[in-house]
Each structure stands twice: as C-alpha cells, then as structure tokens.
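This is the structure I want to talk about, given as structure tokens.
Every chain is named by a letter (A, B, C, D, E, F, G and H) in the order it is written, and numbering of its residues begins at 1.
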Amino acid sequence: MLPDATAIDKALAAIGSAEVATTTLGLEVRVEADELVAALEALKSGEHDFPMLVDLFGIDTGEAVDIVYHVRSLSRDEDVYVKCALSYEGELTSVWNLYPAALLPERETAELFGLTLAGHPNPKRLLTTDGIEPLLLKSVPIRTVEEVRDR
Amino acid sequence: MSELHDTSYEPGLLAEGTFDPGERPAGIKRIPRGVEHLATEHLVVNVGPQHPSTHGVLRLVLELDGETIVNAEIVIGYLHRGIEKLGEHRRYHQLGTLMDRGDYMSGIHGELAAAMAVEQLMETEVPAKAQWLRTLMSEINRIASHMVWFGTFGLDCGAMGQFLYAMRDREALIDVLEAVTGQRMMFNYVRPGGVLADLTPEMESAIRTFLRTIDGYLDEHDALLGGNEILQMRVKGIGTLDRETAVAFGLTGANLRGSGVGYDVRRDRPYAAYPELEFDVPVGSTGDAWDRYTVRMGEMRQAVRMIRQCIDGIPEGDIMAKVPKVLRPPAGESYACVESSRGELGVHLVSDGSDMPYRFRYRPPSLYSLQALEEILPGRMFADAIMLIGSIDIVLGEIDR
Amino acid sequence: MPHDYVVIGTFVLVGIIFVMITISTSNILSHQKPSEAKGLIYECGVEPIGAPWVQFHVGYYVYALLFVVFDIETVFLYPWAIVFSRMGMIVLVEMFIFVAVLLLGLAYAWKEGALRWR
Amino acid sequence: MQVGPSAFMALAAVLFSLGLYGAVARKSAVMVLMSLELMAVAVSLNMVALSRFVTPTEMTGQVFTIFTMVVSAAEIGLGLALVLAIYRQTRSIELTRMDTLKG
Amino acid sequence: MWGKGLITGLAITMRNLLRGPITLKYPFEKADLPERARWAVTPTYDEAGAPKCTACMACIRACPDNILELEVTTREDKSKHIEHYTYEIGACMMCGLCVEACPFDAIEMGHDYELAVYGADELTVDLLADVDAAPVKRAKPADKPAPAEKSAGIDSEKSAPAEKEATDD
Amino acid sequence: MTETVNGIAFAILAGAAILGAVGMLTTRNVIHAAFWLLESMIAVGGLFLLLQAEYLAVVHVLVYAGAVSVLMLFVIMLTLRRREDSVRPVEVSVAGAVMALVFGGLVFAAIASYGDRVAEMPETAPDTAALGELLFSRWALPFEVASLVLLVALVAAVWWSREEKR
Amino acid sequence: MSAVLAAILPVLAAVALMLVNGVVLIYMLRKVLGRLHLRHGPLNVGPKGMVQTTADVLKLLSKEDVIPTGVDRWMYVLAPAAVFIPSLLAYAAIPFSENLRITQLETGLLFTFAVLSLVALGVLMAGWGSANKWSLIGAMRAAAQTIAYEVPLLLSVIPVVMVVGSLDLAQIVQAQSGTWFGIIPRWFVFAQFPAFAIFLIAALAELNQTPFDMSEAESELVAGFATEYSSMRFGMLFLAEFSNSFIMSAIAVSVFFGGWSLPWVPDSVIAPIAPVIFVLKTYFGIFVFMWIRGTFPRVRIDQLMTLGWKWLIPITLGWIMLTGLVLKLGELGGAS
Amino acid sequence: MALDRITGEHSVAFVRSEQLFDWARRNSLWYLAFGIACCAIEGLMSASGPRFDFDRMGVFFRASPRQADVMIVAGTVNHKMAETVLRLYEQMPEPKWVVAMGACASTGGPFRSYPNVVLGVDKIVPVDVYIPGCPPRPESVQYGFIQLQEKIKRQAEERNAARRDRDR
C-alpha cells in the first residue's frame, strides 16, 4: 500500500517542485501546477508504473483549490496521492492523455470548483445547468433551514 | 421555467480550449468528443434521461448511421444532488444516510466505506463481531444488488421473465436486510465503530433458510439467461475492453476483473472480516460483455459461499466500539475503500478537527465504468448499446452524487 | 364466389366506417386540451436534436429489391405447388432451374456483402 | 348497370393516360417510375379484362399479366437502382440534373 | 446443441408457472413488518397518557436534515411546555437517528407505512402540540429493566455512548 | 342483382383507382404520392377480383402493394436528406397533357367504334390450377426466362448500389 | 336486401370477433405473463380482473387524442386505420369450421398473407408520419423485418400446398383428417415438421413477437412506431397487433394442426363443436406465443436479418425441392 | 368531455357515460416509466415485481408519455431534470395525474439543502398524491394509488354535485 518514499523521490528528481511526504493518508506528492503533467508522466512511465488513476477531485483549502490525483500501481498495489494547488478560477490542465479515466472527473471538478479546463476534448459542463455557481466551493452556501422549510 | 433550460449543447461556462488531441493514450481507440462536433448526415438520438433502459437518468447522445453507432456522448447530471457538498454539513455518524443514497443498490457498502474512513481517522478498533456482521451484510447486499443488475440486464435484452425471477430472489434478500437493519434500501446500519444491531436467532435462521434455496435459484438463472443461445449470441464478443483500456479508464470491480485483471479490494486490501474468509475472485479473459456477465454470476456464488462462512463463524462479543457520541476526529486525511457491488467504492475524508468533515469525497466506481462506454459504443449496433449499458452495471445515484 | 368478393368489399368499407366511428367517439368523449408543449415531439424528455427524417442506409433498398424478386418467385411457386401433383416430373425440373437461378442471385448479393445489416 | 369490357378498357385508358402524363411531366425520377408503374398496371388491367370477356376459357391474359408483373418489377428495381446511382453522383433525384452524369 | 438452452428456458418458465404466484395481495393482505422496521416517527406516552418527551432537544440535533422542530416555552417554575413538536414527514428519510438519540425513548419509529396524502400542507404534522414536557429525570441505563424483546444491539449501541457524553453538543 | 352490385363495385373501384392516380399526380409530397399509388394499386386488385381473376388479384396486392411500394418508399426515404425534400412543386407539362389527351382520345374513339360486342361476363372463370397448368406447359420457356430477367435485375441492382470501393 | 344483409352480417360478426378477441387476448396475455412470472396479473377489477381490459379500452376511448405538431398529419392520422383494416380483413378467410367461414376464397391462404403484408405499410406510415426518431427507427425495422420474413412465411406453406393441391384453407384442413397407423393424426406438423418450424419462426417475426420484437423493443425504442400515438389511435394499433397474432395462430392451426378436426373423433361428433375446437386450438397457439414471449431475450436486428435471408430462405427452398422430389419419386414408385 | 357540448350537460347519456369512464380511468392507471433515483427501485421495480405485482390493480407501465395516465415522480428532481419532468408531463394526454413518491419528490427530502435540488416536484407540476417515505415501501406506493383512485372518484362526485347545485 505505501510505496517506498525514496524511490518516488528519485523518480521525481527532475521535477523541481515535487515534495514527497508521508501523512495519515499515505504517500503524498505536492507539485506546482505547471509541473503536474510532468510529474504524473514520470510516475506513470518507467519502472514506477502507476497506470491507474483511482480518483481525481478537488479540495477547497480556503486559499486555493487543491487538486488530488490518486494514482495506483496494480502490480505492486501501491497508492500515491499527487496534489497541486490551483488558484480560484485558475486553469486545470487536462491529463486525459495520460489517464483517460480523468475525462469525466476533470469536467466535474472544473465545474464544481469554477475552474477553466484546458486541453480537454469536450470541456462542457457536466453536472449542472448554466447559471449555477461552482457548488463545491466553501464560499457557496447551502440552503438554510428556513429556506427549505418555507419551500 | 426560463432559468431551467438545458444548455449542455452550447459551450457552457467553461472555456472552449483550443484542442489539440496530441497523442492518443495507449489502448484508447478514439478521442471522446461531444456529439455536436460531427457531421449532421447521421441520425442523432437521445437515449434518456427518460428511457426504459438507461438505468435511471443516464442520457446518451448517440450518433447513428443506420443502426450503427458512430459516436456516443455521455450526458449526466440529471441526478446531481450534492452528496459531497452535503457531506461537509453532516456530522460524522450522519454520513451513512448520505452514503446509502449514493449507491442506493448497495447501501451497506457505502456506509461501510464511510465508517471505515472515520475509524481510520479516529484510529478506532472495531470489535470482531461487528466486523463479521459487516461482512455478512455486505455480501447479502451484494447479491441483492447483483440481482437487480441481473434482472435489468435481462430486461435490456428483452427477457422479461429474468427480471421478475431476479426480483423474487431480491425480495428474499431484502426481507433479511429489512429484518436486520430496519429498512429495505436505506439501511443506515454500519456506524463508525461498529454496527447498529445484532442478529437475532430468528434472523439467523431466516438467512439459513434463504441459503438453502439460493443455489437452486442461481442455477435457474444460469440456465434461463446464461444458457440461452440467443443471449450468448448477443453478448459474446461485444463491448470488449482489454486489460490496458480497462486500467486506463480506472475501471474497478467486476468490470475490471472481466477484463482479466484480478484486482479485488476484498482480497488485496482486506477489510472487515474478509481476511478470515475463503473465497475466490472470478476473473474473465477477453473483457467482453459475456465475461462481465460470468464474473458477476461467479461473484454471486462466491458471496453465497461467504455468507455460509459468516453465518457459521460470527464470534461473540460487542458490536460497537467505545466511541464518543459526537465524533471529532483529529485533523488529517484518510481514504478507505471497499469492494462494493460495482467496484472500488472509496471515501476520502478531510478532517479539520471539527465535528463535520472538511471535505468529503465519494469515489464512485460507476463513474469510472461509465466512461468506458464512450470507448466501446462506437461501431456497435444500437441494440448493443442498451446491452452494454446493462453490462457495465451503473447506478446513477453515485455517478451524479 | 362473386358473393365473397362483395363481402371483402364490405369488409373494407365497414373497416373504414368503424375506424372513423371509434376515433370520433374518442374525440367526443375526451377533453381536448392541445397546447404547444403537448405537441412537442417526444424524445426521452429532452429537446430533439435534429430532424428525425434522415437518409437511411442503402442496404434497405437491396433488401427491398430482394424481397420483390422473391415475392415474384412465390407468385410462380404457388400455382406450381397447386398443379404439382397433377403434372409430371418436368415441372419439378422447371422449378428447380428457376429456383437455382434465383438462389444464384441471392448468393451474389451475399457475396457482395449486400446482406450485411448496418 | 352493365359492366362490359369497354368500361374496363376505358378505365385502363384513363389510368394509362394519367400515367403517361406523369411520366412526361414529373421531373423527379421516382415519380416518373411511379407513373410508369401506373401505365403497366393499366395495361395489365386491359389484358385481364379482355381475356376474361373475349377468351374466357383461355388464361393467356392472366399469364401475360404475371409476366408483366415480372418485367415491371425488374424495371422498377433497376430504375430505382439508377435513381440511387444518380443520387450518389448529384445528391438529387431530379431528372433535369441527369446531364451531369455525362460529364 | 444449439437450441438446448431455449428448450431449458421454456421448461423453467413453465415450471414457474406451475409453482404459482408469490404475490402478496396488498390491500387485502398485509405483510408483517419486522420489529426493527422504521417508518414515520411517532411520540410515545407513559402509562398516564402523557408524552414522555422532556424537550431536551437531543433529537433535533441528531437529525441530519432538520426535520424535527420543537417550539418550547419555559414556565416560571422551569418546567417546559411544548407548544409544537413539528415533524416534516414529507422530508423525513426515516433513518432513525433521532430515535437513537432520544435519551428518554420519547419517540419511536412507527410501523405505519400507509402515509400517502393529497396536499402538500399535510406533509408537515404536529407530533405533539400544547402539552407539558415530562420532567427531566435522567434515566440511568443500569436501573432500566433490560427489555427482553429488544435486541441486544440497539441497547448496547444506545446506552454506551449515551452514558459517556450525553451532555456533549 | 349481381349486375347492380357489380356495377356499384366497379364504380367505386374505378373511382378509387382514378382518384389514386390523380392524387399521385397532384400531391406535392413524394411520400404521399407513393401512398396514393398504393391506393390505386389496391383498387386495381379489387377490379381483378371483379373480373374473377382471384389469384391475380391476390398476387397483385402482394407484389405491387406489399413489395413494390415498400421498395419505392425505401428509395424515397433513402434519397431524402430533409423532410422538405419530399415536398416539391407540381410541375405542369403541356406536352405531357397533350400527349395524354391525344392518346386517351384515340383509345376512347377506338372503344366507341368497337362497342360492347361482348357484353356478357361469362359465368365461370378458370381457377388457379388451370393457370398453373397453362403456365408450366405452354409458357414454360418464358417462365424460365423470367427467372433470368429477375436475376439480371437483382445482380444489376446489387452491383449498382454496393458501396463505392475506393 | 337480404343479399346486402348477407354481405354485411359476417363482416359485423368479424368486427365483433376482432374486438372481443383483442380484449380477451390482452387479458390473457397479462394473465399468462403474470403466471409465468410468479405474479397474478390483473386481479382487482371485476372477478379475477376480467373486466380489466374493458376498463383499459374505455379509458383509452376517453383519453385526449394528442396530435403532435410537426407530424406529417395525413400519414399520422391515417396510419392506425391502415394497420387496423388489413388486420380486420384477414379474418375473411379463416375457416372456423367446414361451413362457418366468412368467405370461401379459393386462394384463402395467400389472401391472408397478402392482406397481412399490407400491415407493414401502415406501420411505415405511422413511423414516417410521427416525426419521431424512435417511431421511424421502429417502423424501418418493422418494414425490413416484415419483408425479410414474408418470403420464408410464404414459402414455408408451399410444401403443404404441394401435397394438398389447393390454397383453400378448408381443403387443407380436410386433407388432414384421419390418422396414420391409427394413432398419429395426419397433421402436417408431423409430416412437414421443418416447414412448420420455419413457419413458426417466420410467424413470430411477422408478428413482431419476442424474440423478434424489433419494432417495439421496449427497452430500446421506447414504444417503437406507436411512440407518439395516444388514445384510441394507440388502442387501434394495439388491437391490430393482437388480432394479427390470432390470425397467425389460426393459420398455423389450419395448415399444420388439422384446423377444426380432432383425430380419433368421428366427424359427426366434431361437426357441431368445430368452431369451438378451432378457437381453442388457436388460443393454445397464442399461449405458446406468449410463453415464448415470457421466456426469451430478443435477438439483434442484424442477426434477425441474417437468419431470415441467409438461412431460412435457402433452407425453405431446399425443403420445397426435397418435398417435390420425394413426392415425385413416391409417385413413380406408386406407379410402377 | 366534448360530449356535453353535444348532448347537453344534464342529459342522462352524458352523466352515465361520465360515470362509466370515471370508473374506467380509475381502474386503468398506466404509469410513465420514469425512475429518477433510489425510489424508482422500490416504486417501479419492486412494485411491479412478483411480490407486489402492480399489474393486479390494472397499473402497468408505458414507456411513452403519450400512453400514460399517471406520472410517478420517483426520486430527486434537480434543476437539470426539472425541464424534462415538465416536458414529459406536458406530453401526457388529458386526463393525467402526478404522484410524488418519496421524500425527495415531495419536498426535496434529504437533499433539500443543496441549491441544485428542486424543493419538491410540486414546484414544477401539480401533484395529486404525495407518498412520504425514503423510499416508500412498494405497499405504500400501492396505497398511494388506491388514494389516487379515491381522489378520482371523489373529483367525479364533486363535479356531479356542483352540476346539481347549478341545476337548482
């Protein structure tokens, strides 16, 4: 489950901004947005072989939107979480070329966090209709008790 | 109603990035694009959201040439109801009610994943008896869920009888689940730290009664649908997803195993009482719809086997660990996954130390399975599309969340 | 026999009258509330994309032509079958040649891939 | 009312004339073929009627009609194939555009 | 041989035809709900017929969805008067969390599932209105007679946390 | 009695046949034209019945109405690119009208001069068996030729309509 | 006047028969399917739910008749009639007993087929007129399917015609009276089993019945060519469909199962109850259709076409030739 | 009914036929197969399954709205779905009814605080019967249909009473 941190470190040596750390979650790699694709590429290819994108989602940390790429190596059954911070209304670069599994989750994340999607073959809204705010941002509130009671 | 129009066919809020497809990823035959980018000589049909066999409110936009699908686009969001957002406004032990309604066919699995994620943050030790009960309920739920899949799969290919026989068996399972948990679908049974309630002897004997008949019923299903030459003619060799594609699309569960990758969370990342159970993981070879079918049928038999072991092996003890009434896990993140009926159902929790999650992420296995449709539909007949939707077994509740 | 033909004629007339009566009864008995939204064409609950009338595959034409040809074959086959027992071996040979020639046509269409449904 | 052969012949003549008019007047190739079909039917009707009235014991007229059917079916099949071929070339089934085929 | 499966299929459906229906003829026959079945929330009453609710608000807080609403006035003598105990049955998901949270067993999940109504206003009901809340006397789980008919699970689950942090939140 | 019925039937059927033909020529919609033609064909089938050519009538309906119409409809649907394509203006052709009138006039003149020499419809008509006997003895050769004609049509059509192999 | 009456009465009888048939068959379908599926089917409306279909028909009668905008109005409006009338006409040649038939057509068998082939055109009208994609796909499928299976259907009865030497359904029935060796009825289903099998497949396909219910494949095409039809227009399409299955079953009974006759029973006993026997046999045939419908999955359209064109037609032609050969050789053998 | 315009409102023919057709409508409620979420499994699938057998009551599904009498809204309606619900409702021929099944369709249910969710389908189409529960048991749905039948009956009676009143 937990990959060897030093090996990952080595694999990402070319990526300047990559920081590898072990947290409660597992092995986390934090990279800058512009080096994200390179980092994922390094992880996917080579002997590290993380061919599967388990999940892709965002976390609104209050200062930025953290995009989490959860990748997995099936042969060794190891998980790595790659995180990169994007500013609000920033640009999310599609990684579908590396991981086709990202096609829908990327659209969803971009939509629900109000990001722009770059390099995606079909960058439309996915879940909601036009005019609905990016709902997963912390700044967008849910309905209050009074609102729902009054209907 | 003016504010409600569906504009998914115009460029939405998101910018239309200048698109350069670059190199296609390995194993992917085509670049998935929206249907409206293509020529208009063909017939463009909407399948769904209201269609008898899109398993809820999935909408597929198909471009047909005669009856052959040229291009397919998935449109979802008709059931988007904010499970993730609402999860940030629920206390930890209330998460189960949301998880139930995500993958509503197999609620126990969802609850289990959420409970495990919380336990991981809290570092709670769950009593052995609770673990066994969780396993037992999971497997019962798995059969119930597969029965719905099986029935609707029959319905998709026009075999009405199949659906009703499957519903008969599902009713039997639901009766057990209702007796144990109190509801027919939204169980709210697995809680952080344990389970809600114990089995009574009557329930145990009800399960045993069921176990006596289920083998015969499974044989009947196998003979009625699986043994039917017409069905074999229709599903063999369609919708083939080879290993590489399946992994690339992030498929999990029976869909992945149908493609020949023997990854099963229950075996490879054991949780609950699975390490103590004996079971096989059925694996397909070519990854066509028939393989997925046989894998699921095999899973049902394995589940029966596990239920037998569980019902005999439940240890004595508590069913609930000592957990505070209001959970305040320390700040941190956790990811817990279970093998739900549809694949790896994961829950990613971010805690900031308060009594509600800071971020609650539901990893829906169906969403990832669904993407593979855009890959396997083109080139198939329209009738195959219906079968293929059925064969990947999706639940819209968790796709849209 | 001529009487029977008249019956058939009456059949058609009665059929037409019956349909008219039923539809108009139904129209009399029901509340008609047409509205613009009601008149919209159904397509699984969303706005239809594009017109339904599109070109179909040329395969349909080949099937229909084959059908015409084989239909005409049956036109010959039925009288043949009726007189079959009254005539000698020669009718069998005649029909054999006839059928063989047409099967040749079918085989050609098969070979050309015209029988593959798309 | 007496329905004699002349009534049938007159009807056949009317149908044939209408078919003739259509074949000449219409530009759409399919319509021309339909008109031809109408003419063939008129001829068949004439033959059957005459054979029925003139040589009631012989069925030559009916046999002829069956062969007419064969020929007209073959004709319509071929004609429609031609229409399709033209259509492929010109994206239209107007006969006036046929000249593009030559060039 | 091709076709064997078809014949088997026909045999199976015929066998099922001969087996006869398993239908429950609903309006005429009703299923016995299992004891744990959870339907609409109903208040419970003590032997005297007074509601057991003490207006402690535990259920209100436990409900994920704010279905329950308690309008309470406090009299001079500190006793509480329940003006309205409103229950939005139309939005309740019957999860049972409120019942589990109630330290006085003052509400329970009823077994009545025939709940269909005509009007939207009927979707909100008053469980209790204009009654005096029961005086708070903290029931120690130890002196509660263990209800024999109840399953051990519900008891232990409810008692264990209730003991420890009942005052929390 | 029989005559009256025959007369009425003839009137209705003839009217229907002509109506179909006229409808076909006047409608602007090609699909509608095909259905008008179909109606005309069925009426002619009825006329065949009136002539006691029962087998012929049935076969006429089977071939013209059942098969040729479907073929025609398919081709029309194949060549339509939009629904509007099916609607085209009615072309009026003076030449056609003149030709048709001249021809019709000639035939009517011929009929008038010919007169109703054989007015009686013979009571009995030979049945299908007789037709078959005739067909497979006297007309055996044309019958075989018919198969060749059909074969040629089939092969030519398939050859013409196959996918362009580029 | 009596002649007119004589012409109209049987027709009215046929209309009544068709309506009753439709109502009874729909009830039967729901009951049979219900029982096959461990359910009851209609139960609450009337005794054993028997007036359920009556209520359905009355309700359809009183529903609003929606004519969507954008349809090809004439085609849309006329299509139900174009489907309904041929299927009514098909009753004309059914021999309920030796004397009880509406017409004594010499070409009864072929007449029925010819009339039923017109249904395809009605369906095409409905599909084209509805301006709906599902309808159009359904109608095109139905038409393609009908034309593909019409030929095997027409061909499959030819061996029987060869033996009997007539197209008259009554004569075909009469040719099947008696038994072989005193036990096996002389039904053509035994002597001509391959022909019967082909007939069954082709009939199922012509009727759009499972496993060949392409045109109204509920899980694919919503409601097929009937998608846009409401009220009684839909009722008519529905009724015609059930009436057609009655016709097909009746033809199967007369051609392959000895019509109104019963083996081993002398004619004098049969004569008064012949229509009852015929109808019972027909209903049994329909039951078999329903049984198949409740069991099988649906084939795919290309498989259906392959089966029709590449298998059934050559096989049937071969079987006809074989029957001819055997008959002629038997004749030669008998002569010498 | 347009019949009243022909025979007059008070004719025996009209009143009697209206009674007959009300009976027919009551007993032949075909519903539109339109499952949205979890409720669909219980209300549409289980209810028509062998155990509960909706067909007994003359209730069975039609896939096309043109042939349906009742729309069971079984699940959460969100803003994207709202238009579809409305459109399908509009496409059903008169007379038509709507059954809001489950908490979500009645009020928005467990998801009502999410801004994308419509607070009850009665915001979009008129609802005749609400069935609380999450999900309601198949029996609850059947009970709901019995209530709907009652309602149709009662509506007819009220109509007749109103007519009698006007008469006097």
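Brief remarks on what is shown
Going forward, contacts are C-beta pairs under 8 Å (C-beta built on N, C-alpha and C of every residue); 3 or more make two chains touch, one makes a residue touch a chain.
None of the values given here were measured: they were computed from a predicted structure.
If you take chain G and chain H together, the chains in touch with both are B, C, E.
Of all chains, E has its CA centroid at the greatest distance from the CA centroid of chain F.
Averaged C-alpha coordinates put the centre of chain C at 16 Å from the centre of chain F.
Centroids built from CA atoms put chain E at 41 Å from chain A. Centroids of chain D and chain H (each the mean of its C-alpha atoms) stand 56 Å apart.
In terms of their C-alpha centroids, the spacing between chain F and chain H amounts to 52 Å.
Shared contact sites, meaning residues of chain D that touch two or more other chains, fall at 66, 69-70, 73, 76-77, 80-81, 84. Residues of chain E in contact with two or more other chains: 6, 9, 12-13, 16, 21-23, 25, 64, 88, 91, 93-95, 120. The set of chain C residues touching two or more other chains comprises 1, 6, 8-9, 27, 29-33, 38, 40, 42-46, 48, 51-58, 60-61, 63-69, 71-72, 74-76, 78, 82-83, 86, 117-118.
In this structure, the chains touch in the following pairs: A-B, A-E, A-H, B-C, B-E, B-G, B-H, C-D, C-F, C-G, C-H, D-F, E-G, E-H, F-G, G-H.
Residue ranges of chain E in contact with chain B, taken from their complex: 2-6, 8-9, 12-13, 16, 22, 33-38, 64, 93-97, 109, 151-154, 156-157, 160-162, 164-166, 168-169.
Across the complex, chain G meets chain B through its residues 33, 36-39, 133-134, 137, 141, 210-211, 213, 217-220, 222, 293-303.
Those residues of chain H lying in contact with chain G across their complex are 1, 20-21, 23-25, 27-28, 30, 50, 53, 55-58, 60, 62-64, 66-67, 69, 91, 93-95. Residues 43-50, 52, 54-57, 59, 117-118 of chain C are the ones that touch chain B when the two sit in their complex.
Against chain G, the residues of chain B that register as touching in their complex are 43, 45, 51-53, 67, 154-162, 164-165, 168, 224-225, 228, 230-231, 233-234, 381-384, 386.
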